[in-house]
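Okay, handing you the structure first.
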């Protein structure tokens, strides 16, 4: 239970961090797979991430049914999370966001590639999913498990998948991993866009992509940045 | 009266939100059609939106005459609001702003188009109005009903109209609708500009434009973002 | 004296506003011609504008000699102000700044032109002064009256002059005019740079340039924006 | 000892300033050579710069061994500092950062050059070091003295060296010098990128590069900007 409580604290803080670092605005969400019951996950009720408190956290099964709804409103797109948790047993947390720096890569033919070592964990490719391919004209939201499964298929075994004209889903072993990759995926997108102005760009090699992924997930890097982001939210008191 | 009071509260908050989200700076304004008297509307006295309080709200007829001026200074451009309320019975609120991201589309031949689902409600086209066409050299302000009517004609039945070298007018059924569309029109402009750097852009289809308009106006989306923006202003206490 | 005191208050506030609106960082300064003695002007001792208080204000003659130095350190570049006040009897205030948006226009062949009505007062052209033309290799600062006079000659009867690889000097009849033009000159620069990405830009006509100058200096526009900027600094209490 | 204490205070403040001015995020570090023992240097324990307090400062020899570790976690990349202090007896402080504006110059063929006088001290060239040249695929971090020495060789007698896909190292005689150059190197990068959009850029001449370096290090410029940055952190009380 100690571990569960610590992870739920991380989940609340993750909401605040994603908002403070401008990865999410009023929309977007982050989930945690239940550490003791892999067929369950946690996520806030329908609320802007910046406002999420421990009381807002709800529990779901992997079909995205609430365990104990108590009348609370739920995110319309929780199928993103359920479908990915089903497809990827290695994933312990999913972040869904609309970071502005990332959107251009979802609507053009520029593939995202790793420019900087701190984006370690984003992997060597980020596929793009277009909801129109399987589902025609929609309101762009992932509203059911079928759509979530289609998204999860395009994600494959990558760390993130872009959603055309919408945003992305980022996964990690832990909440801290998913948040860290989501923040630096956004920063990497900005850097790549700026670098491309100057001409041909040297991206990280495959060996560097693997080595920086390991480095970024190490406690030396991961704990330092989490402490920093936590204090910046003001939610964690100095 | 309960409804009127709630809508007037939204109007004050709308001023604060537009300022906090950088849609307006010291200039710009937002209006509300009287919910019980469609031939009247409310708007602040001449004041920067960030500073507007309930006491600043004035009532006008659709010719933009004040009902009870009590010596208060009025916005020079209230004809934007009166003329649009006259021409569009479906409109309950008008936002006028100079958001920086939008101006480039008013002075070049790039048409604004929907890039992201959150801009639902901006519609499939945003016409550009050039005051010089009908009125020659002016100080660019919409200073009388004739100019307001010309602007309203170019607006047509769209959700927004750009004003060359000046800004835009955005309309909505409610204050919350107009504010939400105004904020995401600005974000969409930034995204479109960034995406165009990368080459050909995939915009939303007509079906998606319609479906995202409906989705964005739904309580699930609309209430969540309004709550978020309200808290961010600091005017609504957490 | 009442008028002098009010203008000195504006001068202190102008320092704070220019810092808060990111027109100046730790460097840059703003001056006020003495309203009763046109052969004198006021300016802060050498200090970052964000930190200036009434006690920091010093008085100078137009050769930039301090009237009552009392050991206070003075800005190295006060010749910008003295020389312009000498050359331009119509000028009551000078702002010198390094706003980032403006610098690119000082080191390339792009001329700055008015894109938006709120930049009223910037005039139809902004000349570029290169200190190297008259003085060869220097540390780029305007360190003496000769250099100031050279700058003033290039300024001519315009509202601003760019300084190559350095920044600009902006003038106005009053402190509020000079500050307002300085802020919107910066915003106009950003807008022009963004608009030029999209192709050919429609700038304001000569008639519009004149009419928007008059409009921007009118109390309706000028007082509203000053009140807004003043509150934003936190120095003026709400 | 008075001097040592004052310099250690500057070191703590330097951490805060670099964070507040967005030169570093959660990563990056700054060091001080011991003013009395040139074979030693000071640096924080492994911590985000924004959080560093006097208690976090540790002492190292130039092989980067801690003098009195007391179980504290150390930065993985302290070899950047030790190797540069060994190679450059004129250097009293080193800043390592990942400022976003700088990264594009590390992964493309655009050389950084001085655009603005406030970047005085950056020198006439900034070499680029690619860790892959000497060490093949790595996690990009400078993890040992060999890698540090390779970096120091590329730095040569310049004021800064870019690290491909990673960031840069900036040196100065004092902590204040290194911080000032690091901040304005970032600003200069942004200005250069923007100016290049407009066409051919006029950079500073060699004589201007030398003269602005001297000017920027003078007390008039250096003390004013340090006071400003210090207050902005909130760590130094007004």
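Order as written gives the chain letters A, B, C and D; numbering starts at 1 within each chain.
Operating definition for what follows: a residue touches a chain if its C-beta (ideal position, glycine included) is under 8 Å from a C-beta of that chain, and two chains touch if they have at least 3 such contacts.
In this text the structure is predicted, and so the values were computed from the model without any measurement.
Colleague: Hey, what chains does subunit B share as contacts with subunit C?
Modeller: Output, common partners of subunit B and subunit C: nil, no chain qualifies.
Colleague: Nearest 5 degrees, what's the C-alpha rotation angle taking subunit A to subunit B?
Modeller: Rotation angle between the two copies comes out at 90 degrees.
Colleague: Report the inter-chain centroid distance for subunit C and subunit D in whole angstrom, where each centroid is the mean of the CA atoms.
Modeller: Centre-to-centre distance between subunit C and subunit D: 32 Å.
Colleague: Indicate the whole-number Å distance between the mean C-alpha point of subunit A and the mean C-alpha point of subunit C.
Modeller: Result: the chain centres lie 46 Å from each other.
Colleague: Please list all residues of subunit C that touch 2 or more other chains.
Modeller: Those would be 197.
Colleague: Graph of touching chains, which shape: line, ring, star, complete, other?
Modeller: ring
Colleague: Provide the residue numbers of subunit B that touch subunit C in the complex, in ascending order.
Modeller: Residues 25-27, 46-48, 50-51, 73, 76, 98, 100-101, 103-105, 107-110, 130, 132, 136-141, 164-166, 193, 196-197 of subunit B touch subunit C in their complex.
Colleague: Note which residues of subunit A are touching subunit D in the complex, please.
Modeller: 114-118, 120, 187, 190-191, 194-195, 197-208, 211-212, 214-215, 220-221, 224-225, 227-229, 231-232, 238
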